[in-house]
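I have placed the structure first, in the form of C-alpha cells, so that the comments after it can refer back to it.
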C-alpha cells in the first residue's frame, strides 16, 4: 500500500479552557483524496492551523514524510511541500493576481532572495504563471488589483496560490464556499486531477462535493476523531448521521408536510 | 557696491525656544526704530529667519544668507549648538557673527569672527559662588539642565564656591526634556543643604520655583539661588509671591535703576504690549548697537574684517549698565549683579542689591 | 521613600488623565488622533485665561476646561474628523499633526509663546507630612487632589465602558459601522459623544497638568510621546491598561530620577521597550474566553 | 510574452524619467543660488526613500528612523575628524555602522502591532540620542561635534560655500540609491516584501521566512538612512544630537506620507514639496509658518492627494480616493 | 390582512452603479419569502437596501405602514428590521455575549409571545452559550453564523432579513436552522426574507418566492407552485437541482 506522508499523533490544542483539538491522530497517505468533515466548531480549521504551524499544539507531534516538524515555523513546513488554503480568503490586496502568482512561483523556484532581477525575468516563472492563470480562469483579470476582484475570482486565486507552491501535501479549508455553484465542481475536479503523488486533505460542508471527491473520510466531533472510513461507510454510519449529516433526504418531506399540511 | 547693509538674524521663532527669538527680534526692531535704518549712508536691512533650534538648519540658513542675500553680519543664535555649527562659516566667509543669546563659554573660541553681546554662564555663576559663602550658605546642591550651558554653570559655580570654603555634596543634572522636577527636588530636600543652586533654560524656571515651594523646601530652610534665568523677567511676574526673596546673579534686570534702562523698558513695553524685556532682549538690543556702531566707525569700508575690528573693544552704556567687548576674546565684559526678587508697584522684579564690576568670562582664563 | 512613591503615583495619574482620552479615541475608535495634545492645551489655556483674566476660581475652571474642549472636539468631529474615519492611519496622522501645528501657531498668535503659570488656590498649595525618616510621607496637596480626581474618573470611565451597553455599542460601531447601524446603533451619535468626551478628558488633563508640566504653545506636541507611550504600553482595549501603564511609568520615572539621576533619560524608554518586546500587544490585552 | 512584459513594466525606466533626473543633476548649476536647499532636499529625499522601503513597501511603521540617520552622520563626522577626511571613505564607514545598527535593531520590529512598533522604534531612537549625549568625550555631547573638516571629493572638488559640490554629491548618491532601490522593489524579493505588508499570515503560508525578510529590509533601510545621515554630516561639516531627535523621525514620516507611501518617488516628491514650502513660508512669516504647513496637511488629507493635483475633479462625486 | 412589507419601484446600488432596478415586493405578516437568483444578480443588494446599507436611488419601502426608506439605517432596526448580513460581520472586539447585549432591544408592545433575549438565543444555540465569553474572531465559521442570527433575533424584529444563512453550516445544523426559522416565523408571527443558494430546501419552508435576475424581479408568487415547476425553476436559476 501507499506510504503515510503526513501524520498527526495525539494532537491537543487548548484555548484557555476550551479544548479545540483533543488527542487527534490522523494519517494522510501518499496520493490521498481525504476529506475531513464535522459539525461547526468541531476543530477542523484548528487542526489545519496546527498542521501548518499557525498554531503551536499544547501537546502531540506532527511528522511530514517521516520527519518531525512539530517545532518548525510555518514557512519551513511549506518548503517541505505542505501547503494550505484558508477558509477566509487570505490574499495580497494590493498585488495583481499575476504578481501574486509570479511572486509565489519565484519563491518556489528559489528566486525569493534575488533582489537585482526583475520579477518575471525568468521564463520558467512566467510560463508557470500563465498556466495557473489559465487553469483558474484568472487570465482576464490578471492585471487588476486583487482587492477589486469579485468574490468568486478571489476564491479561485486563493486556491491558485496554493497550487503555485508546488504542494506535495495540500490542505483545503472549505475551498468552494462562495464559489458560484456552476464552478464548484470544476474547481474540485482540478484539485482531484492533481498528480497522484500529491496528497489532499479537504474540509467542506457541501456533501455532494465531498462524496464525489473523497476516497477516504475522517469525521471530527468536539475536537476528537469520531470515526474514519471510506465514503460509503461514513454515509451510512448512524453516529455520523446523528451528529453531522442529519437526514437530509427526509427534510423536505417533513418540513413540506409541516408547512403545507 | 550695494547701498544696503544686511543683517541676517537667525533665531528660534517657533518651538520651545520661541520666546527667546521673540524677545530678541522685538529688541532688535526696537533698536532700529529708535536709531533709524540708515547708518553711514547705508540702508540697514534686517532679515529674520527661523531655525527652529535645529543646528543644521541654522547652518544652512546662515550659508544661504551669506551666499544669496550677501549679508554683512550674521546675528541671533538661540542655542549653543546652532552658534557652534555656524562659526566655521563665519571664518570661511569672513562674516562677523554676533551671538545675542547662546551663553556657553566656548562659543567665542570657535571662530575669530564671533562677537558676543549676551553673557556667559561662568560669568553669572561665579558671582554667586562668591556671594553665597559670605551670606551663611555653606552647603549647596546644584541642579542644572543637562547640556552645555548647564554644565558650564555647574562647573564654575562649584569651583568658586568650593574655593571659597563651601561644600557641594551632590550635583544633579536634569534632562532637558524632563517635565517633572519632583524627584530631583525631593532628593535635594533629603540632602538638607543650605541652598539649592539652579540653572535651567528660561521657561523652565517657573516650574522649578513652583515645585520648590510645593515641596515646602523654603520652610525646611533651604534657600533657592541661581543664575538669572531662574527668575527670567519674562515670567517673573506670573510666578507669584512665592518667588519673593529668591537671590540670583545676572547681568540684566528689567528693574536696573538707570535712566537708559528705564527708557529701554518703557519703549519696549510700548512696542510690545504685555511683554517685559528680559536678558535675551537686552542681548539683542546691544547686539544691534554693536553692529550699528561698527558700521558707523568703519563707514562700511573694509568688509567683514573692518566691521569686526570696529566691534572689538567697543565700550558703551547699555540698559544693563556699562559693558564692553573685550578686544582679545570678543566676549562681553560686564557687571554682574546680585538681585533679590521684590515687589515694586505691585509687580515682581529682580532688585539689584550688589554688583561685581567688569566681570570677564572666567571660562577664558585658562 | 514613600514620598517618592507618592510623587510617582501622582505623576502617573496625571499622565493617565492626559492620555486616557487618547486611549479612547485611538483604542476604541481606532482613530490616530495626534491632535490630542492640542485639546489638552486648549483645556490648559481655558483654565489659565479664565483664572487670570476673569478671576474664575480654579475648581470651577476644571469643568469648564472639560466642557470647552469637549465642545471644540464635538464641533471638529462633525466637521473635519468624520470623513477621516475610513481613511488609512497614515492619513489620519498627517491630518491630526496638521491640526496640531495650526493649534500651536494659533495659541502662539493669540496668547503668546511664553510659559503660562497657574496660580493654585491656597488650600491646594500646602503640603502634609506624616511620619519620620525613611518612611516619611510628604504629600503635596495638589498632588493628592490630582490622585483623587483621576481615581474617580477611572472608576467612572471603566464602569461606562465595560459595564454599560454604551461601551459595547461603541466597540461594535468601531468594528463595523455599517452593520452596527443596521443593528440599530446610532453610530454617528456614539462617535460624536465619544470623541467629545475624549477631547474633554484631554482638556481636563491639560487644565490639571498645566500647573505641573507648564503650559506654552508647544505643549500640544511636547507630551505627545508620553501619551503614546502610555497608550502603547497599556494596550488600547481597556481603561485599566493605560492606568496601570501610566502608574508604572510615573513611578519608574520618578524613582529612577531619584535613585539614579544619571540614567534619568534611559529608564522610561528602556522600560517601555522591554515591556513591548515582552508583550507586543501592550501589557493588558483584552482576551476572550477563560 | 504578455505576462512577462506586464511584470517587467513597472521596473523599467520610463522615458520621462531620464530628462527629469538630468534636470535634477543640472539644478545646482541652473539654480546656483539654491544649491544648499537642493542639497538638503536630496538628503531628506534619500532619508524618506529609506523609510519608504520599510513603511511603504513592507508596512513597518517607525518613529525611530533618525537613529540610523544619526548613526550614519556621527560615524561619518567622526571618521573625518579622527581617521581621514576623504568623503567617500567616510560615507562608506557611515553606511557600515548604520547597517550594523540596523541589523542589531531589526530584532525589535518583528513582533507587535503598529502602535507598539512605533513606540519601540521611537524608544530605540531616543536611547541612542541619550547615549550620544552621555558619550560626550567622543561626540561632543549636547554642544555637537565640532571641528569636522572634509577633504575634497575624489581629491578634486572642494566643498564650497555655495554648496554646489554638496548638492551634486548628494544628488548623485540619491540617484544611485534610487536606482538600486528600484531594482529591489521590483524584484522577486521586493514582491515578497509587498506580500508581507498585505498579509503576513499568507506570506508565511506560501513558504516565505517573514522574519528574516523583515530583518533584511530593515537593515537595508537603516543603511540607506545612514547614507543620508552621512551625507548630512559631511555636507554641513558637523553633527549634533539633533540628528537623533524624535522630530526628525516624525518629519521624515510626514514628508513621506505627503509624497505618498509605497511609491519610490513619494519620498522625493514629499521632500521637494515640504522643504520648499517650509522654506518659503518661514521666510514670509518666521513666527507662524507652522500654521500654514498645518493647514496644508489638513487640506491635503481632506481633499485627497490625487484630487489636490487634479483640481478639475474636485466637484465630481464618487472619486474620493478612499477605498472603504 | 394588511401587508407587513411593501416595496415599490426600488432602485439602488453602490455609488453611481445601479444594481437594482424598480423592484417591487410585498410580504404579509408571518409569511416567509424565499429570495432566489443567480450569483451577482442583486440579492444581497436588495437585502442591504432594506437594511439601509446601500445607496437608494428611487422607490419606497413601507414596513407595517411606516415609511422606511427615509429613515437612516439605525432607525430601521428600531422600526422592526432584523438583518443577518451575508458575511456575518460579527463584531470582532466584542464577546459573544456582548455581541448580543450591545444591540438587544425590548419587544414592541403588543407582541404575543415571549420576547427574544440573549438567554433565549442560547437556548436556541447551546453552542453559543458555551462560547459566551469568546471574542467574535475566536469562533468557528459556523458559530459566527449562529451568532449573526441570534444578534438579529434579539432586536425583536417584525421582519428578518437572512442573507444565505446556511452557508458554511454543517448539514445537520442547516436542517435545524431551517426548522427553527420555520418555527419562529410560524409561532411568533415573524416575517422573513431568506436568500438561499439551494432552492429546494428553502422553498419547502417558504410561503412565497421571488426570483431576481440582473436586478429585476422575474418571478413573484407562491413558493409551492415554483417548487412544483422544476422546469421553470431551472430556467430562472439556470441550475439543475
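The letters A, B, C, D and E name the chains in turn, as written, and every chain counts its residues from 1.
By our rule, a residue touches a chain if its C-beta (ideal position, glycine included) is under 8 Å from a C-beta of that chain, and two chains touch if they have at least 3 such contacts.
Worth saying up front: this structure is predicted, and the values here are computed from it rather than measured.
Visitor: List every chain that touches both subunit A and subunit C.
Guide: Correct list: D, E.
Visitor: Most remote chain relative to subunit D, going by C-alpha centroids?
Guide: The chain farthest from subunit D, judged by C-alpha centres, is E.
Visitor: Measuring from the mean C-alpha position of subunit C to the mean C-alpha position of subunit D, what distance in angstrom results?
Guide: That pair's centroid distance is 32 Å.
Visitor: Averaged over CA atoms, how far is the centre of subunit B from the centre of subunit C? Could you give it in whole Å?
Guide: Once rounded, the distance between the two centres reads 36 Å.
Visitor: Averaging only over C-alpha atoms, locate the centres of subunit A and subunit D and give their separation in whole Å.
Guide: 42
Visitor: Spell out, as numbers or ranges, the residues of subunit D touching 2 or more other chains.
Guide: 133, 287, 289-290
Visitor: Residue numbers in subunit A touching 2 or more other chains?
Guide: Residue numbers touching two or more other chains: 15, 18.
Visitor: Out of subunit B, which residues touch more than one other chain, so two or more?
Guide: Only 14, 18, 22 qualify.
Visitor: Using the touch definition from the top, list the residues of subunit C that touch subunit E in their complex.
Guide: Contact set of subunit C toward subunit E: 165, 168-169, 171-172, 174-176, 178-187, 237, 286-290.
Visitor: Please give the residue numbers of subunit E that touch subunit C in the complex, ascending.
Guide: Its residues touching subunit C are 51-53, 72-78, 81, 83, 85, 89, 91-95, 98-99, 101-103, 105, 133-136, 138, 151-152, 155.
Visitor: Taking the touch rule as given, give the residues of subunit D at its contact with subunit A in the complex, in rising order.
Guide: 3-4, 6-8, 11, 183-184, 186-192, 194-195, 197-199, 201-202, 204-210, 262, 323
Visitor: Under the stated contact criterion, what part of subunit E meets subunit A in this complex?
Guide: So the residues of subunit E touching subunit A come out as 38-40, 127, 131, 134, 138-143, 145-146, 167-176, 178-179, 182, 197, 200-201, 204-205, 207, 224, 238-239.
Visitor: If we count contacts the way the header does, which residues on subunit D are in touch with subunit C in the complex?
Guide: Interface residues on subunit D, with respect to subunit C: 108, 111-116, 118-120, 122-124, 126-127, 130, 133, 246, 250, 253-254, 257-258, 261, 287-291, 293-298, 300-302, 322, 324.
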